[in-house]
Amino acid sequence: MSNEVSTEILATHVLDLAKSGKRLDGRALDEMRHLHITPGYVTSADGSALVELGDTKVLAGIKLEPGTPFPDTPNAGVLTTNAEIVPIASPEYEPGPPSIQSVELSRVVDRAIRAAEAIDLKGLCVTPGEKCWTCFVDLHILDDSGNLTDAALIAAMAALRNAKLPAERFELGETKPLDVRHFPIETTFVRIGDAIVVDPSSAEEGTCQGRLTIATDEEGNVVAMQKAKVGAFSPQDVAELVERAFVHGNKVRAALGQLG
Amino acid sequence: MSNEVSTEILATHVLDLAKSGKRLDGRALDEMRHLHITPGYVTSADGSALVELGDTKVLAGIKLEPGTPFPDTPNAGVLTTNAEIVPIASPEYEPGPPSIQSVELSRVVDRAIRAAEAIDLKGLCVTPGEKCWTCFVDLHILDDSGNLTDAALIAAMAALRNAKLPAERFELGETKPLDVRHFPIETTFVRIGDAIVVDPSSAEEGTCQGRLTIATDEEGNVVAMQKAKVGAFSPQDVAELVERAFVHGNKVRAALGQLG
Amino acid sequence: MSNEVSTEILATHVLDLAKSGKRLDGRALDEMRHLHITPGYVTSADGSALVELGDTKVLAGIKLEPGTPFPDTPNAGVLTTNAEIVPIASPEYEPGPPSIQSVELSRVVDRAIRAAEAIDLKGLCVTPGEKCWTCFVDLHILDDSGNLTDAALIAAMAALRNAKLPAERFELGETKPLDVRHFPIETTFVRIGDAIVVDPSSAEEGTCQGRLTIATDEEGNVVAMQKAKVGAFSPQDVAELVERAFVHGNKVRAALGQLG
Amino acid sequence: MGSVGAKDIPELLDANGKRIDGRDLNELRPLKIEAGVLQRATGSAFVEWGENKVMAAVYGPREVHPRHMQENTKAVVQCRYNMASFSVDERKRPGLDRRSQEISKVIGEALESVLFVEEYPRTSIGIYIEVLQANAGTRCAGLVAASVALADAGIPMSDLVPAVAVGKVAGKLALDLRKEEDNYGEADVPMALVPKSGRLVLLQMEGHMTRDELKTAIDMGVQGCHKIYEIQKEALRKRYSIAHDGGDAQ
Amino acid sequence: MGSVGAKDIPELLDANGKRIDGRDLNELRPLKIEAGVLQRATGSAFVEWGENKVMAAVYGPREVHPRHMQENTKAVVQCRYNMASFSVDERKRPGLDRRSQEISKVIGEALESVLFVEEYPRTSIGIYIEVLQANAGTRCAGLVAASVALADAGIPMSDLVPAVAVGKVAGKLALDLRKEEDNYGEADVPMALVPKSGRLVLLQMEGHMTRDELKTAIDMGVQGCHKIYEIQKEALRKRYSIAHDGGDAQ
Amino acid sequence: MGSVGAKDIPELLDANGKRIDGRDLNELRPLKIEAGVLQRATGSAFVEWGENKVMAAVYGPREVHPRHMQENTKAVVQCRYNMASFSVDERKRPGLDRRSQEISKVIGEALESVLFVEEYPRTSIGIYIEVLQANAGTRCAGLVAASVALADAGIPMSDLVPAVAVGKVAGKLALDLRKEEDNYGEADVPMALVPKSGRLVLLQMEGHMTRDELKTAIDMGVQGCHKIYEIQKEALRKRYSIAHDGGDAQ
């Protein structure tokens, strides 16, 4: 019960702050937390990156293995994205199959990569209909301090850009970097009363009235969106947030571009 | 608690009615609810039928796909029956693997189809030991208002009689109707005190002292039986119910026969 | 609550007895319960043995089937050990996947068989990289009255020594006994206060401060160890228990040797 | 935006700007809604929309099991979207795959946005959707059906929730995609509207759209939702009038 | 009525009407029952019946977890029939398959029919059956063992429950089928009797039988059950006399 | 003692008695420990040990769900050791395999041996270990990290728990095996020490060792544990001094 009381007090406080354009951690409504990226963090993976977005920590690892193309896409490799919110990440963990949060997270990240055509899946075909590369993008969530979606896609993209196709190990030619062609970035907003803030903290996500994630690419396209949580956005909100998403996405792309 | 009280009041009422040969919905002890069959209800299936038995609703869908024969029956196709009591059907649904009720239901329906040799499994063999047709009978229970077993077998048989073997789609010859040879019908009874009633409603099933299902074919054979629920039947009961099952089964067969 | 009280009273009693070198069932600290072995108990298995160690009952069954070698051991057969503490065995059973106790038990038994090289896995290769025998060791725990580990390995070894490779059934040559080369035996101790007793009963396991299992072979090697349960052992304890494990192991090996 | 097959891509728009099934770009497929179709459920609805057939039922508010799942200040909304194994061309294994889990989550959140959950603390409201036959747009059809089922159950809501997808087909925006358009189109934007507030409670997107296209797509979807809203209300009026005549919906 | 193999069908009845193992048509296989074989269980029994070996144990009445599974007016009967992986010719994957789940249900319902569950509200009675070696008729063997285990546990019952199957073999009705008869026979009717009431609490059937055959089959089964009933009672008498002598069953 | 590959076995000791990575037989790999690395956890620690990277977090003491899992006289210790799918050469399927379940159990029991669980009845203490990159010795690295995370969480313990494995490599005993030594060695003995009492709370072994070898191996391991103990204490001193300076660990 005391837990519910403290949750409610926090919610009221976050809401009061938002009325005067303020946030719990002192950020401006449109301000992202500090972003730090460590590509190649895990050498056992074919590509990897640790992303720290404020206190949020996501580790992405890429594994590339020979496999079989899907019957309906015989000329393409296979992309498999999996997210695990492991129990060190937050007190909400429950044992059992992946939580619905993990499932949504992996699907939203996967959709952005796929819709933006970020990697060249056709280039991962070895023998049409018979052999291809399977690209596993595994997202290990180490600290859920808010906005996992944006951090996870940044980690996935940084890890893909860091990845090498281990062709020699499997006697399939020469090892070479993975062909990454496009550069989607997701920007997540939450509504707090009448304010809409970017890059929400876990406290803000816990008290928000709707969350909207918008994925943009470097060519000016919106490639994916996901409205989540209880709450609503007007068409005008959406139009405005799309603009803000491009500004934010280009800023992150610039930061990430300097790495590789 | 109040729930248990109302359950008990209902049970007593059903029992009192039965003593004077009456039922909650006004039917005679040997009277079946209104039966309505819609063959071909779902066009995405290779065969289908919606069965409404009073308020009980069962949708059967047939899918036919190339597969591999079982090692111990190399000359026969494969029949797989699956029943799902989905959560729209009744308040008793619990998340997780198929309930034991679903498992029993699918096995009792499967047993009747198989024991009656309703479909020609040998005719579903393509290449002995290597290739055959797999016939999936999927029973989607939409409303569990009592006597799922009888409704489910009627739905399965109507869907099988409605099914086409999609040979052209898989380049295995000419598409043609599935070969349905026999016509099993199940008749379910429950004991209410000293009375034994046919085609029980969900209220009757919830308060009964034993349930007996008897499957007959059109040639005068009993092909399957299943006693379920807490309660008992004397050998004399069984002999009498077998007679009633043939009368009932022939009535349903006549109704169903007019469809196809 | 009363359950917890009685558990605590029992624990205190076991501890008091141990202070004066006594045990609940009257045994000496180093005394094993009566051991009875029935090889060939189950004729549907390729090898089997029922082991009764006091009231503890373990039934081991061996099944040998053609399979595929693991990619990293193309010249060897496959050994798979599985333990199931079935619900008849103790009041602690819970439905669901194998309990962590079952998993540990099967892994500790498997490790002893494997480390001692008890069976000739290379001899179970049929065609390198393509075909081999898979040896399933299934441990069915019928009564958990303490010290399952020792009883389970004895049952496994007795069943393996009783097993025939059913080559004729699979048209792979002549049926012959399985080649069992070494003879590991596990000896389990638990700490009760300052005393350390062998072959613990379930009451002793329930109240102990640490359990240590030591597997020895007939050539004077320690081949496996497992410390389990809350509690600790000093290096001196370990050295002393290793000596006791050899004495105990040789005694059991002698008993088992007379069977086959 | 589903899996792209190896087959030849069909021509999705003809010379006259007509779609594969003869519709105009901003034309809905035929939509029929019936409320109160199931006996055991607290509320229910059946939707036939083009070649989609979807049934929804609501149970509750009722007790929550296990008890630690209940919340002291609100009802827990449990939503499950499921496809029958025979509802699609290739038989689907029974049970919820990851796609169905995600759809269950976004539909549940969309509907909870119009429910007064704080009125029913310590209870659960179960919203269950079964897709019997699928031809693109099943999440919208499911939401439309579930919304009517909630009303049929007598659970107070701030509004009904219509839903529809807008896609991009052969370079043009098109309302309410059917299967071929979904498979071979360039983008898909499903959305759900609360007509009284003019706000969206479900919004997803996959594909490629410029800002302007997206804006127009949402406008088209909102228009479509208003038409669907009328059909939802008509279904409930019919249901109530049958109920008031002393009869019961078949 | 199990899966029909590709092998040649054996001759199930010889010229003298003797069965494959030399039995007459209405002759049971040898049956041994021992009560009180397990230390931890509240009650237990071991049955060796032809080449079947089956062990059953009963735990309870005891507390129910999780609590919302308990019933305020009666004990919950939980029954689990399980086959050891090595109990059959081809190794069975551990865990309950659909067949075992169905058998668990019908055995549990059969036994609950003779228990006074309303005497033990809010508790559970666990009935667990393990098939160690199988040769047709294991559900009946399990029921026979479980019934004795319930008595050994001191749980009040209206009667013991014997069980046996009758089948049709080479056109003739035969009592207590063994594996080859079950595999290549024409019908199988397992049943369980409450001798005091003369009523059946378990009854299943698969195959082809005329009404008259079925009637005769049930009569044969009832006769068989009465013989088994005597062996069950004898096992319990032996158990009690050992217990009363101050010793304990091995 | 892992799976033996088909590849050529590398030379594990050179002519000078140096190991494959240049270490002496009783030399540890470089070990770095950082406490307080995660924001949401009650306590946390990161360990980089040779090419192992392991993160541990502790949550609690907190309420237990479901309630029948709680114990009235002590805290329940829940331990989960998990490997990231990309932490090993061949991708591992996500989720706990049997090896991880066993390691979770022995680590949990080892750590519970130094906790005062009776001080926190009806609660649970969650100990979670994530292996991000693995190169032999991850269970010891996980235990070392978890022990520091428990201290960081402020949970009273009788002592910190260092851990290390000793193996047999080319006939010689060697401290702290790396991957090739583990794969091609003759034995492996992981252990965890409570320095203040001099007792072992984790001890496993697989391979072939004489009594004397085993005795020496344990002595070597105990020595190694004392070195690790110093690094654990240093990590906590650093954590506290940062915390006291008003800053917070990065």
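Order of writing sets the labels: A, B, C, D, E and F. Residues in every chain begin at 1.
Everything that follows uses one rule, which is that a contact is a pair of C-beta atoms (placed from the backbone, for glycine too) under 8 Å apart; a residue touches a chain by one contact, two chains touch by 3 or more.
Because the structure is predicted, anything quoted here is derived from the model rather than measured.
Within the contact network of the assembly, the step distance from chain B to chain F comes to 2. Chains that touch both chain D and chain E: B, F.
The chain with its C-alpha centre at the largest distance from the centre of chain A is E. For the interfaces A-D and B-D, the C-beta contact count is higher for A-D. With each centre defined as the average position of its C-alpha atoms, the distance from chain C to chain D rounds to 57 Å.
Chain centres here are Cα averages; for chain B and chain E they lie 26 Å apart. Our note on geometry: chain A versus chain F, Cα centroid distance of 31 Å, whole angstroms. Looking at chain B, no residue sits in touch with two or more other chains. For chain E, the set of residues that touch two or more other chains comprises 66-67. Of all possible chain pairs, those that touch are A-D, A-F, B-D, B-E, C-E, C-F, D-E, D-F, E-F. Of all the residues in chain B, the ones that touch chain E in their complex are 1, 4, 8, 70, 72-75, 100, 103-104, 106-107, 111, 114-115, 210, 212, 220-235, 237-239, 242-243, 246. Put simply, chain F touches chain D in their complex at residues 65-67. Partner chain A is touched in their complex by these residues of chain F: 38-41, 44, 51, 53, 55-57, 59, 62, 80, 82, 84-89, 91, 94, 126, 128-130, 132-135. On the side of chain A, the complex with chain F involves touching residues 41-45, 48, 55, 57, 59, 61-63, 65, 82, 84, 86-91, 93, 95, 98, 136, 138, 140, 142-145, 202. Partner chain C is touched in their complex by these residues of chain F: 1, 3-6, 71-73, 98-99, 101-102, 104-106, 109-110, 112-113, 189, 194, 197-211, 214-215, 218-219, 222.
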